[in-house]
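Heads up, the next two complexes both have chain A, just with different partners, chain B and then chain C.
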Partner chain A sequence: MHLHYIKLIARQEWNAIFRGRNTRILYFSLLAVSLLAMITGWQYVGKFNRQQATAHQQVYDQWMSQPDRHPHRVAHYGYLVFREKSPLSFFDFGLDSYVGNAVFLEAHRQNTINLSEASFSNGMLRFGELSMALVLQLLVPLLIIFIGFPTIAGLKQNGVLKILLCQRASYFDLLVGKTAGLTAAIWILFLPLILISLFVGSFFLSGKIGVDNTLRILIIVSSYAVYFLSIVLLVVGVSAVSRSAKQALMALVFGWILFIIIIPKSAQTLGSRLYEAPNKIAFEQAIEAEMSQQGDSHNPNDPHFAQLKADLLKKYGVDSVQALPLNYGAFVMKESETITSTLFNKHFDRLIGTYRSQNAVSTAFGFADPFLAIRNLSMNLSGTDFDSFTAFQQQTERYRYEKSQRLNEIHLTQIQYRNDSQQKVGADHWQRMPDFTFQPLSIAANLSAAGISLAALVCWVLAGFGALYYISTKRHFQL
Partner chain B sequence: MIEAKNLTKRYGNHTAVNQLDLLIQPGEVFALLGQNGAGKTTTINLFLGFTEPSEGVALINGLSVADQPQEIKRYLAYIPETVMLYPNLTGIENLAYFSSLADFAYTPEELGSLLSATGLQTQAFNQRLSAYSKGMRQKVGIAIAVAKKAKALLLDEPTSGLDPKASSEFSEIIQTRAANGTAILMTTHDIFRAKEVASRIGIMKEGVLQSILDADTISANELESLYLKTV
Partner chain C sequence: MKRYRSVLLLELRNFLRSKTVQMGTIGVLAFAFYSFLHANQVIDQQEQTITSVPSVQKNHLQQVVTHGTGKVAGTTAYYPFFYTVNPPAPWARFALGQRDIYPYTLKVKMLAIEGQLYDSELTNPLTLLAGNLDAAFVFLFLLPLLIIALTYNVISEEQETGVWNILHTSTTHVGQTVAGKLLVRLGVLLLLTFAVFTAACLSLQLPFTGPTFQLLLVVLIYVLFWFTMAALIVSFGKRSSFNATALICVWIFLTILLPGIATIVVSSSVPVPEASETAIRQREGYHAKWDQPKKATMEKFYAVYPQYRHYPIPDHTFSPGWYYAMQFSGDLDSKHASEQLFEKLSQRQSLSETMSWFNPVIAAQQALNKVANTDLESHVRYLQSVKAHHRQIREYFYPHIFEDTPTEHLDWAGYPPYQPVGYVSEFPAAGILAILGWSFACLALAFVLFKRNFLTIKNLSHD
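Up next, the complex of A and B:
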């Protein structure tokens, strides 16, 4: 491999790309679509977060303005929690549009997260929204295909390849030089655009750019750089093994369909088949069935609660719940809340485990499809992936449980068992309770989840160079 | 300089080149005549290293093409039937690019001289190749070969499709290169041009070099009748 020749060939490829009228037309079309996606993304996420913040403030004000009342009424008054979109979600919508954005938290019940964009849209949403990530993942490879398909096959067809190979550069130099030139052109056209839009957009949405976001942006840009390189390698490789430019174009367009539609859908179907998840009704029925075995607080003959009552009476040396120094009704509710929450978490963790196994199939397919790898990586780093949504679900459930138990504790210690429902406590009790603040996943957590996708992309690049080397050693690929 | 020893190329049951023995000395032009499919282009490809011989050896400047494919490039230049090059580059840019890939860095004046030497009009130097005629492109192809200072020149039907004037100009350039000591192997269908340019003429049929004729001792008519009888 000779760096001198590679540089010369790369520079020539670069010049050829930028002198081509078709390249300019395609690029500016794609640039316009990217800018449109970026601006609408900023506007949408900004507006969404402002709406969520307003709604959150309303809910908070209503919560704080509750009069003195019975703590169990407060527990059932409930609290609505909103999911704010991550500052990078304008770049990659990920799962955001399909998962809920608000959840009503109340005692005894684990409500589902509702108000997804999909639930307020017609069926068109399933065809995908125009995000900048979508443009970069789907359309930039098409641009690379349309610019790069004749890069070697065209030279073969018009006989230039033979003249080129009669100079001093080897075929491998030529393939690497072509790859370098095409990659440099794509990088210069798109990477600064991604970098600037992510920094500006992130600042525009969150008012600051922290270390975490800076790191995320740099890794996103680097990941797309590797993704584009892997696509260029594929395009140059296919062009090099094709006998004509037309054959190369056909093969590459078929490859695009394979990578963008067929493999992702197959991976998803295979994942669902291998790891079957229960539907919502089955999930809730399983919890109820197990709960009835663990202990039913509404059944006076339930052995668990009967034992609990007996133990409590023995502990305090009394013979009736009325004689207890605490509110027995609140005690039962507290215990019931623990059982419900533990069971829910157990089943929920199992469900999440199933979904993670399904996602793992799709992630593993990243080794067969670079689009899947970059899609996972991009969602992950933008905070719009499955793990980020799950973190929100888990944090809201933890918050709900702690809030309910604190209210049960107030009920237990400050409300007498006799005439329970007629009593009240001061509003300052719940006014002092902390508000819910979602803690997004750290970049380390996101990266550890995205590590396989990153490795898949790197493997694609290594395999791409390996394939180019193999092609360069075969004489029949030079004719 | 250009040498084949028992050079054979088989594709399955088909023998494209069969036991070719040939030696072209520096300063000599050898024209290879034959019908389509006679094995002329395969012979050129064997000397270029684009295809591996089934038997025998192709040598350039004494080096085996199959064993030292990179090293032989130093001594070799090639002009195909149709020189396309890069249509978006000008004539001078194409020449500069191909020369730099052969490790030759020329000044713009030197590049201009190389193009002028092929008979290309000065005003065409800075025009994009997409505006060139086939003859003009062939001249840039020759300039690339000359710029490389190659000792062996392989021409695959270089005058095919050229008008008589361009073809004649091309012949003159070839003869000049030969006079400078370059060994030239040229495949062609053009009996008249072969007789005019070459010092020896070979007639190939079904991969076999049927006969080798001295161009100085055979008339064009004799060559034509022999060619027709052979193929």
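Up next, the complex of A and C:
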């Protein structure tokens, strides 16, 4: 390795790139597209979040202005929670359009999170949405291909490579120099753009830039830097093993299609074949079947609740539920809520586990496809990934459970069993209850989920340099 | 003429021998078979689920009746779910469209409908993002790439290897030769399309009826469009690498960028806050009635169902008739928001139909989904049918609720059965016209450019 020559070659490559007219045309069209993507994404997320905030405010006001009511009425009045998009979601939409945006929380029932963008869209959504991440993940690699495909193969075709290799620089120096020049150019063209867009965009969306967001932005930018580097290595490598520039271009374009369309789709369908998830009916049936074994409060002859009643009567030394010092109806509901909620969580966690296994297939394919690795990493850090959505589901369910049990507690202690439905409780009881606020996943949690994807990207870079070294030792790749 | 035919045959043989043709064809075929497998699995699972619905419904009702024995119908009526199903059309296997997103086994209670209509199916969102792998995908995305790979160097390769100059000096029929080369490729591509389509028909078990031929028509015209597009780029007379780059750029522009922008434009220019609003209004509309005088609620109900007016509704205690009238009021209060929501959905549909005039890829996708009944319109039809079924059920049970029929004396399974929407056949004329229009435009332009870039050079050299 001769650092001097590597620098020289890198500088020469850099100059060649910036002299090219095609580069300028391609770069400025990409720049225009990414700015368009950023601005539309930013507007869209802002508008959407305002819409959700308005809906939330309305529901909150309605909750607070409820008159005196029976606590079980309030439990069924329930609460609506609206999901807001994360401050970095304008950069990478991730799963946002495919997950629900609103959920109705009520007693005894775990409703699905509904009203996803996808459920109100026609098939056009399936082409993908234009976000800045899409431009960076799909189109920048294509730009690298279009700029870089002749970088070595072209030298072979016009015979310059032989002359170069007769000088003191080794073939490896040449390959590394070309890689360095191309990478430096791509980094200068795109990394500042990502950095500025992310800071400006998230500042205007959330009004502040916290430590958490700053860290996320820095990691996103470095991940894309590594991703671009791995693509450059691939392009230089393929160019070096190709006999002609045209052959290199065809191979690279074919590889690009493989990486961005064929592998991601195949990996995910493979995942869902390997780990079959139950559909909604099967999921609900399984819970119902288990509930009738554990205790179904709607079944008047249920043994679990019969036993519970007997124990309770014995404990207070009375012979009828009317004589109990607490409201027996509420007692049953409270117990039933615990049973159904535990059961639901058990099945739901299993379902999430199945989904995770399905997604792990795609994650593992990150080692075969750098696009999959950066896609997962970018989604994770932007807070538009599977885990962030699952956290929302779990937090709303916990909130639902706690709210229902609080209301059952009020019912249990403040409503007499006799003439139960005729009584009411002061509105201040529910006005004191805390509102739902979503706690986003910590950056550490996101990063640990994205660890494998990060490792995959690093592997791509190491393997890339290894491949360049291997190519440089083979004589037939120099001809 | 005979010589021309033998030249064509030679060209065909040469063409079929090239590695790109063989590898490309094998690649597309392999992927097509995987897509058939996948689409069959997705639809088989959905059909299996749909088949399980009647027994689930029966058991569920039996359990509800057993638990409710001794109580009046109005009390028991709170519990049962009534399932509806949206069975896939046979052509859904060809174009899965949005079937993996939209729910297809919605269940409703006799409570207010608006809160129950938008329940989602349980799915892995990452699977939805990765998208479906079906025959439509192979035809829409992959086949154009094969067309590009087979045509981008049709003339430029000859120029780069020097054959073109020899040809120029040895024949006066350059135009014929170019046409011959292009026709050979078009012929092979159409044949391949036809073969893949036939394989799709067989392995997806598409019936040999109108819609299948509509799908074939869309696919063939779509192939024609990409072929004319490739011819147009070739007619510029540039080098192979320019042709390849330009065609890939066109492909990306039409299949990724333009639809990606269009999607954002649609979802942000026609937002649907009505979805949340419907949920909020329905919930408030129903619950507020508990704290209001019963008479007002009942009057709203009687306005639609005057036949129940003579049943007494006690003023100070709970009664089932009043309860279901409150639920009904919840729907009345959210009716406007709900209608607006459906209006917005049809706006979204027409906006994307407008956009498909500007993009043959979107046009082809919308046309295939329309024929397969896997688009938004089909889903809206399903939602309307669920609403209609909900009404039938309410109206079946209302008399028993007001009569206070004991649970065990009522035939709980006797309600009018749910009628699935059934296949709606609509010829995708607009989509086909859009693709055809683009094809003709490309062809005409290509013809002019061919004349200028390839044929007049020869005349110049004569001068």
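Quick note on the criterion: the second predicted complex is superposed on the first by the 479 of 479 C-alpha atoms of A that agree within 3 Å, B and C clash if a C-alpha of one lies under 4 Å from a C-alpha of the other, contacts with A are read in each partner's own complex, and residues count from 1 in each chain.
FYI, a residue touches a chain if its C-beta (ideal position, glycine included) is under 8 Å from a C-beta of that chain, and two chains touch if they have at least 3 such contacts.
Quick caveat, the model's predicted, so the values are computed rather than measured.
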Quick one: name whichever of chain B and chain C touches more residues of chain A.
C
Name the contact category of A:Phe48: first (chain B only), second (chain C only), both, or neither.
second
Is A:Arg168 touching the first partner chain B, the second partner chain C, both, or neither of them?
first
So in the superposed three-chain picture, is A:Arg273 touching just chain B, just chain C, both, or none of them (first/second/both/neither)?
second
Would you check which partner chain A:Ile9 touches, where first means chain B only, second means chain C only, and both and neither mean what they say?
first
Kindly list the residues of chain A that each of chain B and chain C touches, one partner per complex.
none
Sort out for me which residues of chain C touch chain A in the complex.
20, 31, 34, 38, 41, 45, 49, 52-53, 56, 67, 79, 97-98, 101-103, 105, 115, 118-133, 137, 141, 145, 149, 240-241, 244-245, 248, 252, 255-257, 259-268, 271-273, 275-277, 279-280, 283-284, 287, 290-291, 317-318, 344-345, 348-349, 352, 355, 361-362, 365-366, 369, 374-377
So, in the complex, the side of chain A touching chain B is made of residues 5, 8-9, 12, 15-16, 19-20, 158-160, 162-170, 475-476, 478-479
Contacts from chain B onto chain A in the complex sit at residues 45, 48-52, 70, 73-74, 76-86, 88-89, 97-98, 100-103, 141, 144, 148
Write out the stretch or stretches of chain A touching chain C in their complex.
33, 36, 40-41, 43-44, 47-48, 51-52, 54-55, 58-59, 62, 67, 69, 73, 76-78, 80, 82, 94-95, 97-102, 104, 111-130, 134, 138-139, 142, 146, 149, 245-246, 249-250, 253, 257, 261-262, 264-269, 271-273, 277-283, 285, 298-300, 351, 355, 358-359, 362, 386, 389, 421-422
